[in-house]
């Protein structure tokens, strides 16, 4: 477990005209850690990932992968530094089979296999790993939402990454479908992979995150263990708005203070917050 | 549905038949009249042009509307080298191709940052601009008045090849383009092109250097088109910028690839042969209104076969439904 | 120096007319993401209709223009509704090939109906010039310039004030959302294309007055529209006006300072430079470019 | 992955298609025409595309020639008389298509070819004619280049390009009083026009005019204001346009708009074309035009009669005034007919020799070809548009009327 963090950002930021989408974010992710990233819609979560993977060029700050400064590097350079990602909106390569989609990553990733045979074979292994082995010959257009997410997963794993960035892999999945994905993340954790999970599904964040980073309006609001972060009033306020946080605090003050056991603590509702009607007071 | 052939043979069967056909085509011209030989030579020219456009327009999805710039450049470099420097055609040909490829890389770097319509219009602008520049260098290119390559008497560094000769050169170029397309479509490089076509961000995310791949493909496509342009210039003896950089040539390439089936090996070939035969047949039989009919047929083809013949056949074979109705509804508002 | 001012004025007058030629093309491209290769053919068709009205009915072209616009609106509406709507969702070169086939059809049709003779709508007054100092302002071009600017401004007013205009803009921005609001996209697209061909027709009639034309001129007008539409920013009506003026000036100044044959080269190099540095055109953000296709 | 099994079917299809559609070597061959009492001439003309207008006029000339010849019983070849039947193909104004069509005519055994319109198309065809040992009479390719390549099998009935604009300068020098002193030549940027422009500049210098720098503009331009603006300052007394129709009209129209008032305009190609008067109306009056032929040309032949007769025949058949584009085409067809009758055979080499030795009068001009195949002795004639009508003013012997000078009502 080397001392230098797998990913480090120093004062990372990007501005579109006047809008600071990501503003002065410092972060260190040691090897093997799973970092949950939460924040209300438009907090800059996806933008942050795009900055790390080079799809957007930062206007300020630095991105270091394994201590190497990759600020503003092209996405393929960063990919070759074993940093893989999934996309919030799935981006399959239509016109190719599922196996070929993954094989592209194997061929162009850090391992850089040139011959087709071994690349396709490796692709099958990755597909087995994410549970898509049966669909190898089919075209991506025919996959269900859950399978399409698994294909994103497989395309990322094809690079045999050291750092894996999952951008809302659980969004829109039924509760029954979330569990297998969580199990997959747990397996990867067990193999020592460093993972950043951007999610609204709090159940998933709780289940896999060693640490949780909260982003709000592009700024780093808080970083800490999941339990403390999710029950912190400022986080709740950021998520559910001032009035809700005030009512919550009042209710808590009226009751005798029970021990903050997991069940009773005033945490964010387990259901995926993304779709609930969050009405921040005007 | 796997055919009964053994996997190894299934792999090589198409290649063998492809080589057989090209070899057969070699012998063909001894059987024909010089006019027919020239007509088929022109068909092979368009097969080569369609295949080279297909690399950048079909596989990579960057619809270049200035492809004729490579055709014209190839032609004029050969014309200049043969007329002023008295080079032999066989030396000027590869050099013209390389210069066209270089030009492709040069304009590709800024232009390939643009996408969709903007790339199409930018390349159209470059082609028209280059034609005007060539027209305004009279001492090098003969300008609007045209330039005549030395093919008669002592000045001729290479003897005029005649219809049979050019038939063979165009056939070799078409075979070369077919070989390059087949290699690209089955190789790692072909996957990168298809990935870029489908989604450039996703392609970059899995490690494909999209900029270099696009510029390389554009240069390769330029190289092949340049070779064809060079041969065309030698065949025509006297060339004019208006014809060498005629936007209609680019549009013909696009029509052939789209109607044949873009992003496939077979599509451009079928498209080129089909369209050339069609326009030749229309010219012979309906002298006064042949371009009118061609226009109507292109409209019908685009509506009935938007994805191109080959893709249509492939999809129809896969799900057994051969009705064109599905095609008509495919892109309907 | 008077030669320079004369060239500049001439370029501006020419630019105004070119703007009207191109504004319809820019509208169709901006709103429907359709590159209409037959746009030039509609311009020439407008010229021929204006000429026909003038020679058979003796109708002054600047009046006949209204009738020409009406006829071409119906033609444009039908072409969009019956043909282009069938492939409007396709990749870019599908709509392009369809309009290429349409261009062949129109140009050869005119060749047969109107023969390939060079025509011009000769009016008694168009050639005379209003003399200001030692600058000559040809009446025909002046009138064409004024009308072109008025029509373009009126178009902008229509697009942003009337119900039809709003529905066109809305459909251009986000067709899916527009349809959810009850806008009949097929109809609106057909109206847009009809409007574009009507504008092309009017510009064509005025070109007929100041210029000579025959069916083969169609290609030239399409190419000019390409350059002007991109210079001004797609779907941006004011942009087309600015782009047209710029084109007129570039051709005038280019012709004045450089040997005559360099004029076209300048226009195209300008196009490429603008595309590389400001793809959204010179006049502000082409607000259509960021939209979802449904 | 799309397995390339289709690659194979494609290649086999290529083979089959090209074989079947073209038919085997056997069927088209030999001089099929002569046997059936018909003489076939091949004519690829530009019916569509940029040159469609001039191409149609050329076809009219050929059609009238066929009617006239067949009206007189046809072409007498030895003891037989053959009906003349001209086969037309449209080369869409493209030089490479024009050349390809000549090859296709050659396949069908048609060795005697009437030229397409324009120097570019004719030049492309001449190269193929030479290789296939066919024979061509060129009706409208005046560019001297065509005849400077050592070709032996192409004959042009026209005066060379260098004479086109030079004839106007000579006419002005001879007839115009008061004699103007300064001349400027505006030229389109194509081979033919540049050659004609150089001819005019040389003639003007020889005749003592002060010649301003020649201005060029793109081929087919309808906006020549930039060239006119440049010469406006030095206000030349004579503006010569070495142009085609579109640029010719533009020069006159835009000069009026820009207030450029020379003593007179002179242009190649445009003024004798009927469209010139219809598009310019009154502004056309006073403009001089060089023409290969006018209805007051002397000389006659037994098929077309006199030039006046030719004018009447064109008016009757095609309902418009006869222009030199019609006349030069009919003359080319006539040259073939006369040569075939002199040679007493339709065999290509014999007809070629007969053409080389031809020296016959015609409604168009004396048909006589020099060693390179050009009708170099044929003089150009110069017309002036006088209230809407073409009036021949030069050379003196065939002049119909006096030159009005200054041409422009200044």
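For reference, chains read A, B, C and D in written order, and residue numbers begin at 1 within each chain.
Convention: a residue touches a chain if its C-beta (ideal position, glycine included) is under 8 Å from a C-beta of that chain, and two chains touch if they have at least 3 such contacts.
Keep in mind it's a predicted model, so treat the numbers as computed, not measured.
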(request) Could you compare the number of C-beta pairs in contact for A-B with that for C-D and name the larger? (result) C-D
(request) If we define chain centres by averaging CA atoms, which chain lands farthest from chain A? Would you check? (result) D
(message) Centroid of chain A to centroid of chain B, CA atoms only: how many Å?
(response) 45
(request) Round to the nearest whole Å and give the separation of the Cα centres of chain A and chain C. (result) 49
(message) Centroid of chain C to centroid of chain D, CA atoms only: how many Å?
(response) 35
(message) Using Cα averages as centroids, what's the distance between chain B and chain C in whole Å?
(response) 31
(request) Mind pulling the residue numbers of chain B that touch at least two other chains? (result) 135, 143-144, 186, 288, 291
(message) Can you list every residue of chain C that touches 2 or more other chains, as numbers and ranges?
(response) 108, 259, 261, 264
(message) Counting only residues that touch at least two other chains, what does the list for chain A look like?
(response) 96, 100
(message) Looking at the complex, which residues from chain B come into contact with chain A?
(response) 186-188, 191-192, 194-195, 197-199, 201-211, 263
(request) Can you check the complex and tell me which residues of chain D touch chain B? (result) 1-15, 17-19, 21-22, 24-25, 28, 47-48, 88-90, 92, 94-96, 99-100, 103-108, 120, 123-124, 127, 131-132, 145, 149-150, 188-191, 194-195, 218-219
(request) Name, in rising order, each residue of chain C that touches chain D in their complex. (result) 2-3, 6-7, 10, 14, 108, 111, 115-120, 122, 127, 129, 131, 136, 138, 140-141, 211-217, 251-252, 254-256, 259-261, 263-264
(request) Mind listing the chain D positions that touch chain C in their complex? (result) 48-50, 52-53, 55-56, 189, 215-218, 221-227, 229-230, 232-233, 245-246, 249-250, 253, 256-259, 273-275, 278-281, 283
(request) Going by the contact rule at the top, pick out the chain C residues touching chain B in the complex. (result) 29, 33, 35, 37, 83, 85-94, 96-98, 100-105, 107-109, 112, 185-186, 189, 219, 223, 226-227, 230, 234, 259, 261-262, 264-265, 268-269, 271-272, 275-276, 279
